[in-house]
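Given below, in the form of structure tokens, are the structures.
Presented sequentially are two complexes of subunit A, the first with subunit B as partner and the second with subunit C.
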Partner chain A sequence: MMKVISGNEAVALAVKLARVGVVGIYPITPQTTIIEELAEMKARGEISTDVVRVESEHSAMGVTLGAAVSGVRAFTATSSQGLLYMHEMIWWAAGSRAPIVMVVATRAVGAPWNIWNENTDFMSERDSGWIMSFASSPQEALDLTIQAFRISEDPRVFTPMMVGMDGFILSHTKTNVYIPSQEEVDQFIPPRRQPYVIDPETKESMGNIFQPYHYMKLRQSIHDAINESKEVITEVGREYEKLNPLTDYKTLNVSYKLEDADFAVVTMGAWSLDAMEAVDRLRDRGVNVGLYRVRYVRPWAEEEIIQNLGDKKAILVFDRATSLGRAGPLYLEMKATLDNPMKGVIAGLGGVSMGKKDFYEVISRFVEESKEGRLKGVEWYYPREVKEVELGTPRSSI
Partner chain B sequence: MSLGLRDLRSESLLPGTSACPGCPENMAMRMVGMSLGKDVVMVVVAGCSSVIQGIGPKNAYGYPVLNIAFAAGPAAASGMWRAFKQRNKNVTVVVWAGDGGTADIGFASLSGAAERNEDFIYLCVDNEAYMNSGGQRSGSTPHGAVTSTTPEGKKENKKELLFIMLDHNVPYLATASVGYPHDLIDKLRVAKEIQGFRYVQVLTPDPYGWLFDPSKTAEVGKLAVQTCYWPLIEVIDRKVKISNESLHCLKKETRRPLKDFLSVQGRYKKLSEKDYQELENYVDDLWERIISML
Partner chain C sequence: MSRLSLEYQFFPVSYPAEGAGGKTGNWRVVRPVVSDRCIGCNACFMWCPEGTIGVKGKRAQVNYEYCKGCGVCANVCPVKAISMVSET
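This part shows the complex of A and B:
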């Protein structure tokens, strides 16, 4: 069934279709409408999910984890400050190897207050031991959320999984979304599987003090599970074709006009479509460029990346996130994977708008620079109207 | 109740824990096992009891335990009982937290769960400081007590969790002391039969933090009650009932002198006359409020 819905509505639908048992909810912009939609579904009697309205994001993950380790499918969603407030529990969930699904509608992190989109909140969780995928459309938000339940509950994985999507740009924008039927999803996601169930019958205990050598082995087991999940992700993606034949999930990441390209652009999330339009325009003008969209931050698709980008003359990586004092996290990951000449661009932070014109400008400049052999490491890019904004900072006012 | 403690089997502790000698939490844990029977799952937040169970993957507790971050106990328990309900399982979920986890870092989570009237027993083992990290002051440390972060003696009074939780209108609330095991066991048995949020706060005198001989734990727990520093009460549906052991506290003249409780502990060594007066006032106020609720 096709329906015009927002990214947040798509996520709520995915939670309904996955027959989630317990949802811990706490509102934060721009995730709010996911949990409002779930509360509405509950009020209308459309779901048997237990919707728990908690007092903080820390508790939202606490409830979700408590329910997950006690044997039911559990979900929560958050953004920005909320994700950071939840940070401790995100690690606790990963260390418990509890299959949990969470959606992050990304947003800048204060101070100062900023409610608009940026991916730094999401990217700052990449050391925590979760599988992390990132959607580029409401369609992918729905599909990846459904797949996340299957992937995280696979015995080869048993790791929580988060699905990111650009706040407002996807969370609040309505597009045509193909929705699989309940029967199809029921067949796609088997009954809940998990490594341990806390229960008087099983007598399992979790999380007490471990010796250093046991602790280190457990950390490695999470690391290995995330790496090995690549196979599960592609397997699940292939099978998802039965539910949605319109989108390709056979690979972790997505290539666009890359095969014959000399130059490659790397992006993640919603703005990839603007970047693709810029690529099309550059191709029309004879510039041999293609695009590679990162859909999985964890596991990191090292082999896929080398295969797709290893032979490119130069690579341009766009980051909508920062590791302040260093570079964009995607750029750093790409640098650690490839030896090709590379440039990083940090753009679109805190809701600064990036259109296809901006992508066209940055990509053409990058192609010229690489032809002339003067690729700069990392650049902060501002669209024309932002370039004119003056700001007094503590250093400049002295 | 006519049963002796020896007649009661405890499901909660296996032989051999990592507890210190004279540990009041081990005593309380055993009493939990004597009252709640088999179908129990525990959520243990950061504290001594995260360590007492010993080194994983083995565990000295007879109950399944989810060890969890300091501030997340009541939230995790909320998710757990709801999961058991969905699975049609009759399980008593018990959160086990110290006074730091209850009065300070975990308070938002506790208050939220109480407001939602979540269906589990919250057990606060109150040893009046952060004993697991070396005896630092908590919101529950009483006035005048020397701790490793108040070497001069704490300047503020104990945070009154009893009244704070009363104001949450929970279906069941009780205080107990490891000095009076029968009282605690009775209360937990009553709590088990009640649905909704149940709050039980147990005074657990700590030999290493309060500085008394480890053989005297039960005795100090009794002295706290006899001197009326620690009331034994039970509140069901907002009706206050005072345990027999505390009935003498209703009248000031029948209370045992507070110094009998203070003088057996090293943590009150630096107590000035003014501090002593402050503590006496604290006890008077406490009972005035309890009497006003009768």
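This part shows the complex of A and C:
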């Protein structure tokens, strides 16, 4: 069924279709409409899910983790400061090997307050031991959320998974979304499997003190499980085509006009589509450029990236996130994977709008620079209309 | 639920066992005694800070090798089935 819905509505529908048992949730802009939608579904009697309102994001993940280890399919969603407040419990969920699905509607992190889009909050959870995928459209947000339940509950994985989507840009924009039927999703997601269930009968307990060697072994097992999940992800993706033949999830990441390209652009998330249009325009003018969209941050698709980008003359990586004092996280990951000449661009932070004109400008400048052999490391890009911004403070005279 | 094990899979689950300090039951000055009133509700199991009470069938059982006699079980028992009896 095709329906015009926003990214947040798409996620709520995915949660409904996956027959989630418990949703532990706390509202934060721009994720709020996911829980509003779920609460309305509950009020209308469309879902039997327990929608648990808690007092903070820390508790939201606590409720979700508690439900998950007692054998129930559990979901939560958050954003920005909420994700950071949840940080501790995110590590507990990963270390507990509890299959959980979380959607992150990305947003800039304060101070100062800013509710607009930026991926730094999402990218800052890279080390926690979750599988991390990032959507580029409301359709992909729905698809990845449904797939996430199956991936995280696979015996080869047993690791929680988060799905990112650009706040407001995807979460609040309505587009055509293809929604699979309940029967199809029921067949797609098997009954919940998990490594252990907290049960008074068996006296099993979790979260106890681990001796150093056991602790290290557990860390390694999470690392191995995330690497093994690459196979599971492509397997699940191929099977998902039965539900929606219009999508392509055969690979972890997506390449666009890359086969014959000399120059490659790497992006992640919603602005990839603007970048694709810029690539098209450059192709029309005879510039040999292609695009590679990162869909999975963890596991990192190293082999796929080397295969697709290893032979390129130069690579341009767009980051909508920063590791302050260093560079964009995606740029650093790419740099660690490839030996090609590379340039990083940090742009679009805190909701600064990046259109196809801006992409066109940056990419064509990058092609010129690399032809002249003067690629510089990292650039902070401000679109033309905001170039004159100056920060003034009351104490600037000091 | 079947315990699925792949070679690299390892899970953070543990069971009550003897600690590095050995048997700790000799710390006790009062011991919990379970009477016939026990309904097997699991409250003592859930609250026991040492994991020394287990419920088998409909009856709570105390592992006196490790029970330190703190009395939490007797306090939380909803039917007052556990009483704390002096060791001497």
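Note that the second predicted complex is superposed on the first by the 392 of 398 C-alpha atoms of A that agree within 3 Å, B and C clash if a C-alpha of one lies under 4 Å from a C-alpha of the other, contacts with A are read in each partner's own complex, and residues count from 1 in each chain.
Operating definition for what follows: a contact is a pair of C-beta atoms (placed from the backbone, for glycine too) under 8 Å apart; a residue touches a chain by one contact, two chains touch by 3 or more.
Note that this is a predicted model, so its numbers are computed, not measured.
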Next on the checklist: Once both complexes are superposed via subunit A, do subunit B and subunit C end up clashing or fitting?
Outcome noted: clash
Item to check | Contacts of A:221 with subunit B and subunit C, given as first, second, both or neither | outcome: second
Item to check | Partner chain in contact with A:273 - subunit B first, subunit C second, else both or neither | outcome: neither
Next on the checklist: If we overlay the two complexes on their shared chain A, which of subunit B and subunit C does A:156 touch? Say first, second, both or neither.
Outcome noted: second
Next on the checklist: A:200 in the overlay: touching subunit B, subunit C, both, or neither? Say first, second, both or neither.
Outcome noted: both
Checklist entry - Who does A:41 touch here: subunit B (first), subunit C (second), both, or neither? => result neither
Next on the checklist: By the touch definition at the top of the document, which applies to A:95: first (subunit B), second (subunit C), both, or neither?
Outcome noted: second
Item to check | Comparison of subunit B and subunit C by subunit A residues contacted | outcome: B
Checklist entry - Which partner does A:208 contact after superposing on A: first (subunit B), second (subunit C), both, neither? => result both
Next on the checklist: On the A-aligned overlay, A:74 touches which partner chain: subunit B = first, subunit C = second, or both, or neither?
Outcome noted: first
Checklist entry - Which of the stretches 76-84, 130-138, 184-192 or 256-264 of subunit B runs into subunit C once the two complexes are superposed on chain A? => result 184-192
Item to check | subunit B and subunit C footprints on subunit A, overlapping residues | outcome: 71, 200, 203-208, 210
Item to check | Partner subunit C, residues of subunit A touching it in the complex | outcome: 71, 95-97, 155-156, 158, 193-197, 200, 203-208, 210, 217-218, 220-221, 224-225, 228
Checklist entry - Of all residues in subunit C, which touch subunit A in the complex? => result 1, 3-4, 6, 8-16, 42, 45-46, 51, 54-55
Item to check | Touching residues on subunit B, where the partner in the complex is subunit A | outcome: 38-41, 43-44, 50-51, 53-57, 59, 61, 63-69, 71-80, 82-87, 89, 91, 108-109, 111-112, 115-116
Item to check | Residue numbers on subunit A that touch subunit B, as the complex places them | outcome: 21-22, 24, 50, 52-56, 58-72, 74, 88-89, 92, 198-200, 202-211, 214
